[in-house]
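By letter and in written order, the chains are A, B, C and D; residue numbering begins at 1 in each of them.
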Amino acid sequence: MNSDVIVKTVNLKKYYEIRSKYLKRVIGYVKAVNGVDLEIKRGETLGLVGESGSGKTTLGLVLAKLVKPTDGKYFLKGIDITYSLPKNLRGKIRIVFQDPYSALNPRLKIVDTLIEPLLAQGVDKENAKEKVAKYLKLVGLSEEYLESYPHMLSGGQRQRIMIARALVTEPEFVILDEPTSMLDVSTQAQIIELLKKIKNEKNLTYLFITHNLAVARYLSDTIAIMFSGQIVEIADKKTIFSNPLHPYTKTLLSAYPSPDPSSTWSPEIPEDIDNNTLIYNQGCSYAGRCPLRKDLCLKTSPELIEVENNHKVRCHIYKDRT
Amino acid sequence: MVSSRLKVLEEVLRIKRVRYGIFILLSLAILSIFVILFSPFEYDRISPRVHLPPLAGSDTSWPHILGTDNLGRDVFTRTFYAFALDLGCALAVVILSGSIGLAIGIASSYLGGVIDAVLMRIMDIVISIPGFMLAIAIAAVLGSSIFNAIIAIAIVTIPVYARLVRSVVLSVKESLFVLAAKEAGLSDLYIVVKHVLPHVIPTFITQASMELSNAIIYIAALSFVGLGAQEPVPEWGLMISSARRYVREAWWTAVFPGLVMFLTVLSFNLIGDGLRDYLDPKKRTVIGVQVETS
Amino acid sequence: MMFSRRIVIAVVVAVIVIAIAVPLVITKLTISQPVQKVLVVGTTYDPKTLDPAQAYDIASAIVIQNIYDTLVGYKPGTSELAPKLAERWESNENASVWTFYLRKGVKFHDGTELTADIVNYSIERAKKLQGPPAFLLDVIDKVEVVDKYTVRFVLKHPFSPFPALAAFTIFSSVPPNATNLDEKPIGTGPFKLESWKKGEQVVLVANKDYWRGPPKVDKVIIRIYPDPTTLRVALEKGEIDIALGIQPQDIEALSKNPNIKMVSIDGVVIEWLGMNHRRAPFNNTLFRKAINYAIDYDYILNIVLRGTATRLYGPLPPAIFGYDPEVEKYGYRYNPELAKKLLAEAGYPEGRGLRELELIISSAERAERKDVAAVIQRNLKEIGINIRIVDLDWSSFLDRLFNHDFDMYMVDWFPDYVDPDDWIVPLFTTYGLGIDGYNNTVVDELALKARQLTELNERIALYKQLQKIIVEDAPWAFLYVPKLYVFIQKNVEGFILYPVYYIDFYPVEKK
Amino acid sequence: MARNIAQYIFYRLIQAVFSIFGVIVVVFLLSRVLPGNPAIAILGPKATPENIEKVTREWGLDKSYFEQFLIYISRILQGDLGDSYVMGYSVGRLIAERLPASIELVVFAFVLSLIIGIPLGILSARKHDTKTDLILSTLAVMGFSFPSLLLGILLLIFFGINLGLPVSGRIDPRYSINVYTGFILLDTLLNGNINAFLDAFSRIIPPALTLAIPLAGLLLRLTRNSVLEVMMQDFVRTAKMKKLPENIVMYKHILRNALLPIITIAGLYFAVLVTGDIVVETIFAWPGLGRLIWEAVSLRDYMVIQGSVLVVSIIYIVVNTVVDILYMYIDPRIRG
């Protein structure tokens, strides 16, 4: 195992049970995360891009240790943390949530929210307050905000608080779950800049979850495209943008204002097939929307295969190229 | 910077209904304290001057403001002693059932699984027996005394709180800030105390103020049927029960305790009603009954 | 606009007005008198059973007395005994064997003729059923049928009040082939049962073949008004002809009502404040006397009971033979100063050293008892004795009484037979009920002697002696004797009230 | 969707059966918590040894609690609630005799409260935020806060003393009425006795008003709020824009939607009231179930108390289940 790989997952799965309305029998599963293999190196930012419902937020929660995976393995710095987190690693993985409005308890002062992660680690209150003040400065807020209540702050300020709150435990791996999507455009840019600055200062590793390719492109080193619980394509950002392979990636990029107008991708989407066949068969999860669908796609699910160096794609079309 | 709690209080006090309710309640309370401290009549002081009409003179410098009852006892004094007694008992009921209900609600929502299922089924059963019936059955088994009446009513009203608290906790539990607290590595207990409970309290207090009025009615009704307070204890239900026999000669002995009881109940309903509207203006509510909108 | 404000308000007002006005107008106009001669009797209690072997309460007795006859009755308006099913009776020398000669030609409602065998059967049946009053038959050793119309009771011990006992409802004769007498009674009395709806009413119809001749009304409806206030209203509205169980507080106003007649008589029921002599401080005679002097009897009689009762000074009520008027001179009267002094002598100056004492009562059937208890509570508080009143249901009350689990209690005593023996023996002797734990061997001896004598004057002398001894010991605080009141409409005649609460509808006429 | 409805009904029925079982357990436990020998509690202190022995045998009081419970259940399933040794008669019969009186009173009161509450509620909503609304809302809260103790006494004074109407019982006992339905208003009509009917009618008014006034206050508020909410909804606005006459908008849309909370309240309160408001029935000497319970309490007739709790709870559960199912049929929104 490469020593500078800090986060690694092997076949990570998270299934949710679907129960009947009254008798609560299990009648199926939502496969929110369905076999994800990731490797993130120290100091790297992995952009995880996908539409809503693709399971990217669930993956974030699993990686933040907030949701137990159904199956698979999860390593931090080579230590298996799938089921428990050793004491010395507590606070080393943190997450910043999408919605800074509801992530702050409206009844707690900012200072109380901020010191909570430190209290949880057993730091005494006075030291915690001191440290918190430092981090507040780091995210660009003055100390007077410590005594405020959330309702007095703007969305951007709140998200800064949340970032500070994530950083106070000196994490090595930070999951950013669409941290800017609820903010207005000008604030978005400031937060992105802040995140970038802090990352360089603290040599952090980011998993940056977003549906916005432009933001992903700006902040990430590597980009993974997620669809229906699976990574369908992963490569460094230049490769993704210059040479998208998966039909889904291509669709996403076609919606994204491209610097090269000639590469427009406007395929014909095949006529609909019965949803049930898709749900119950073993085929490719993208088959229903795929313009390049073949019979094989309805029968077997493709593997993630490395087409070029560090460029992996999950599609039958590229099976023969390896 | 203004503390947010003070601000809430200020906003709540701006609601007219709440203001009226508090005004009525405070006036009654002041009268009651005044009566207990300064009334020249002891609540059990009998005299041959029975069934004197309101404002009739007396053998002291004070008149019998609300007249006297069948033993020549001062109705005004007894009515306002009863205010303190009934309110105290109602508070005891609410504190008892509220704290047990709170504990059950939190335990149920937090522990989940079998414990949740068992606790909630028990609550379902208790709630599927009409409350006053069950209170009567329990009080009859325990024996007539005001203390047993309090216990019986408390038992009957536990599920109201337990269910309420459980549903609020479950919804608060789903909120992002609780997830954030969990993410920060805080213990469940800490999260319950620091993050969940403060959000339960307002709904809880609103319910409690409604339940106070229910408890007053229950206590008086139990005493009325002979399962609560005993002579010569000044208690509204008992007073009305005795006065009922003389209602033709001395209507005031029944009507005035009833009126003060009505005002007390009304004030709690006004406060509760206003609080509820303040807390959740979107939810259609009517005093005591919550109708869910889909 | 359908829901204009005016229309809605008009509709609501109209509904309310109609709801109030229509019944008001129409009931005023239209209550028409039913054709039959129906006597409607209002009472506050529901009979528990109509089986004479089971009945041991007034409400049941009132109905049973009119469906059945007992061996012995009362002279009209008195507690003196008179022939009924038995034409006459006699005893042996020491009152241990009693012979009753039955009236001939008495028929049950079903046509069966009354014979000595049936009397024997009725007694045996009641003994076997062991209903609540069956203990009254314990004195009977055996019943002998002498001939068709003569029956002889052999007693276990001499017992001179036996004929008085034979006036109790358990001595009613029942036909041998009857079943379910509880709900479908068949007797020899002036009325037959038509229907009985629990909690609402009992309907009796005249027995045209009654041996004394047919009653003067066709039907008697005994209507139960569990709430005394509504009973009073019903009487004033003319809904009922006779009201039984009017509360003391209503008597004064009703007695002034020109449309209503009041019939009253001194009763034989006594009410007292009992104490548990087995416990301190009640084992101290001085303490008991202090309580006797502390109670404001006049307040209770005049204010609480509004003159509807007379003072009880000793163990016997004035309306019974053997009562000694002297007791009114040596009996206890309200004297708080003396009470305080006696309390101090008893070792509790100003109540110091006393725990809070418990006074148990059962007010379900006598609401005024609560008020009397409240007065006693206050009276005792004024000399320094603190008590707490506990109002129990009747059965728990009896439970605690007979388990001697009380400090003080208030209760009344209905005699089972009208003879001083039924006050002195059960209440004051060690071979009686022994509720209080009062123990005086002189009383025990004299009471036993008195029940064996057949000579009336000798007995009266003994009872006078007994009263004096008992009052001196102050086992209780003697409270009062409620008067009996019955209110009837002006057009109802022939109603006779007995001191023993024997309610006879037979002679009642409706004009 | 049909499958969903069937499933829902099935689920509600299972729930109801479970609740009834639970109630039986609670009542059984209450009966065994009584101090002393349960046989004496059942029979009263004057019980004879034979009776105690009989009751002990019948109820299996010498066996384990589990066996006692089985005996108890099997007796209840046979409709046997035991005998009241205090009042005589079987408990089942006592309850059956009293129940119609309570139901009649409650139905009457409920209709009365609908007549008062709903039109005023609609008026209040239509005039919302005006003086009329304010006055009506205030009256509603006051009405709801009226303890039946006070209201009953006031109406007793007003009807009984001021108006001089008979205020106790169901009917003048001089009218002999053949019982067909147990409901006196119907029976008097079936007997063709109009005077008796009017007498019964005048007697039901005061207790029914005592029950109806608080309920009317509640209904007023509830109708007002739900009509108001519906009035704000899109489809009503659409209907208004389509220039449908206002009355049709009112009836077709608003009332239909306003009906839902009324049914909920009906379910909640009707069942509570069927217990016969104990206080009201005591004040007006109304010979219903509430009165029976009051009598049983003052006599400590535990068998009757237990039986009544059981019967009333089962009625309550059944009514609520029916209301829930009805509710689903009426409100298409919750069918999904």
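Quick note on the criterion: a contact is a pair of C-beta atoms (placed from the backbone, for glycine too) under 8 Å apart; a residue touches a chain by one contact, two chains touch by 3 or more.
None of the values given here were measured: they were computed from a predicted structure.
Under the contact definition, chain B and chain C share the contacting chains D. With respect to chain D, maximal separation of chain centres occurs for A (centres as means of Cα atoms). If you compare C-D with A-B, the chain pair joined by more contacting C-beta pairs is C-D. Computed centre separation for the pair chain C/chain D is 38 angstrom, with centres defined by C-alpha atoms. Chain A and chain B, compared by their mean Cα positions, are separated by 51 Å. Centre to centre, using the average C-alpha position, chain A and chain C are separated by 89 Å. Chain A and chain D, compared by their mean Cα positions, are separated by 57 Å. Residues of chain D found to touch two or more other chains are 282-283, 297-298, 300. Contacts with at least two other chains are made by residues 226, 244, 247-248 of chain B. Here chain B touches chain C in the complex through residues 44-46, 48, 50, 70-72, 143-145, 226, 230-232, 242, 244-249, going by the rule given at the top. Within the complex, the chain D residues that touch chain C are 44-46, 48, 50, 86-89, 94, 97-98, 112, 115-116, 119-120, 122-123, 126-127, 132, 159-160, 163-169, 172-176, 195, 198-199, 201-203, 205, 209, 246-247, 250, 282-285, 287, 291-292, 295, 297-300.
Across the complex, chain B is touched by residues 64, 66, 90-91, 94-95, 97, 99, 102-108, 116-117, 119-121, 147-149, 151-152, 162, 165, 169 of chain A. Within the complex, the chain C residues that touch chain D are 1-3, 5, 8-9, 11-12, 15-16, 19-20, 22-24, 26-27, 30-34, 38, 40, 46, 48-49, 130, 132, 182-183, 197-201, 221, 223, 225-227, 229-230, 233-234, 237, 239-240, 364, 393-396, 398-399, 402. If you check the complex, the residues on chain C that touch chain B are 228-229, 232, 247, 249, 253, 299, 302-304, 363-364, 367, 370-371, 373-375, 377-378, 381, 388-392, 396.
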